[in-house]
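Here it is, the structure in full.
The letters A, B and C name the chains in turn, as written, and every chain counts its residues from 1.
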Amino acid sequence: MAPVSATIRVQRFNPDTDDKPYYDNFDLTPERDTTVLDALHMIKAEQDGSLTFRRSCRHAICGSCAMNVNGHNILVCKTPLQDVLNKNGRVTIRPLPYLPVIKDLVVDRSSFWEQYLRVKPWLIPPEDIPEKEFRVSPEEVTALNNAETCIMCGACYSACQVIGLTKGYIGPHALLKAFLRVKDPRDAASAERLADLAGSDGVYRCHTIFNCIDACPKDLNPTQAIETLRKLAQKRLAYERSRVQRQRSLQNPIVVD
Amino acid sequence: MDKSHRFNTDLLAAIETAHLLDFSEVIVAGALERKESRGAHARTDFPKRDDENWLKHTLAKKTDVGPSLSYKPVYVDWERYPPQERKY
Amino acid sequence: MYKSTGFISFVLRRFTGVALVLYLFTHMWVIGSVNSGPEAFDARLNLVQTPFFKLAEIALLAAVVYHAFDGIRLIIVHYFDVTEYRKSLFYAIFAISAILVIAGGIPILLFALEG
């Protein structure tokens, strides 16, 4: 049964006018299928227009609306309000932890994007590109499933204690992307990538706290990707050699007819 | 209402609404002129596609009295990919 | 702070690790005095025979056992694909360490009470 009313506790902070963050309570009457994002919209439309938060797609694909609800990083647009209300009908919404707050629930994610660019998230093709297409086996494609559907929402990044405690750690989102590129049979720079990832900011800085898995709204597994990268980084030259061979065989496939 | 000078999403929404209005005017003006049906542009009074007269882009310029329209030809590789009607 | 079982295990691991290093230095301080003859050694040893240190020994046992089993857990995580069972693994090693600490702590406690 839907409770008659819900209390939304939101952390507010505008660095221009406030000394420190404070909490505001808003009461509203949710429908059975009101999401947390809907509730925020209701507050912004009906109670306080100055409440600020990021959102765009409203169906868990743009990654704008990651917030910390009751201590967990989630996408508020895909979470029903009923699921997060406690038995007194209250819920606490805070901005993503460990990131500088711009205003209310909006955080500054520049470090997130810097680390993302650092792993060169794009494909680096080999010198001799096949005339028609790269041939990739179904097994090679399924191996990438774990990393492909990342929407870059930042939930894992800001759930990671290592991000909170140290500067410069590449972070689960970027390492997952690096995993995608290292494993991609069309990419030609795996040894180079692995050399950077094996540095002091890279895969070995992960303390296997698993918060990234808990936080991921897309059920991806950055920790497993990091473990795989660790193993590959130890034998990166052999790995690169096997990849070059694989690429040759991709370009001159044995034609069976 | 949000009156702050920092990440003001209310102001953003207001600006975006004005843009939405501008662009809806452009879309309606262009659609009224284009006397055919093509893709998502579907008219009951002109249900057929008309490549002879309308295989061209519509360009709109902002003026004081609303959008003014002009046209630009579409680049088509007639040899390799002659245009065809899409049928379902 | 973002709380989770992973975070608890991380904090405990760090905490017990530092505690063990500190213990190592005290240990060397006591044992090292053997170089200056039996009297010096006995004197130092007496310093750490107080009831407080007897109880602290249980804490030492807890730190050693937890740290060791957490290490085994991490090895399992590194070499096998077990991230799905992360919570059960943590609870399992926590339970094992608790049992061992209780089993070892009771004799220590009895000994301390007698002596």
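Please note the rule applied: a contact is a pair of C-beta atoms (placed from the backbone, for glycine too) under 8 Å apart; a residue touches a chain by one contact, two chains touch by 3 or more.
Please read all numbers here as calculations on a predicted model, not as lab measurements.
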Identity of the chain that, by mean CA position, is farthest from subunit B: C
Chains linked by the largest number of contacting C-beta pairs: A-C
Computed distance of Cα centres, subunit C from subunit A, in Å: 36
Chain centre separation (subunit B, subunit C; CA means) in Å: 72
Residues of subunit C touching at least two other chains: none
Multi-partner residues of subunit A (each touching 2 or more other chains): none
Subunit A partner contacts - residues on subunit C that touch it in the complex: 1-7, 9-10, 74, 77-78, 81, 83, 86
Residue ranges of subunit A in contact with subunit B within the complex: 14-17, 44, 49-50, 52-53, 102-103, 106
Subunit A contact footprint on subunit B (complex, rising order): 1-10
Of subunit A, residues touching subunit C in the complex: 68, 71, 73, 97-98, 158-161, 164, 207-211, 213-215, 221, 223-224, 227, 230
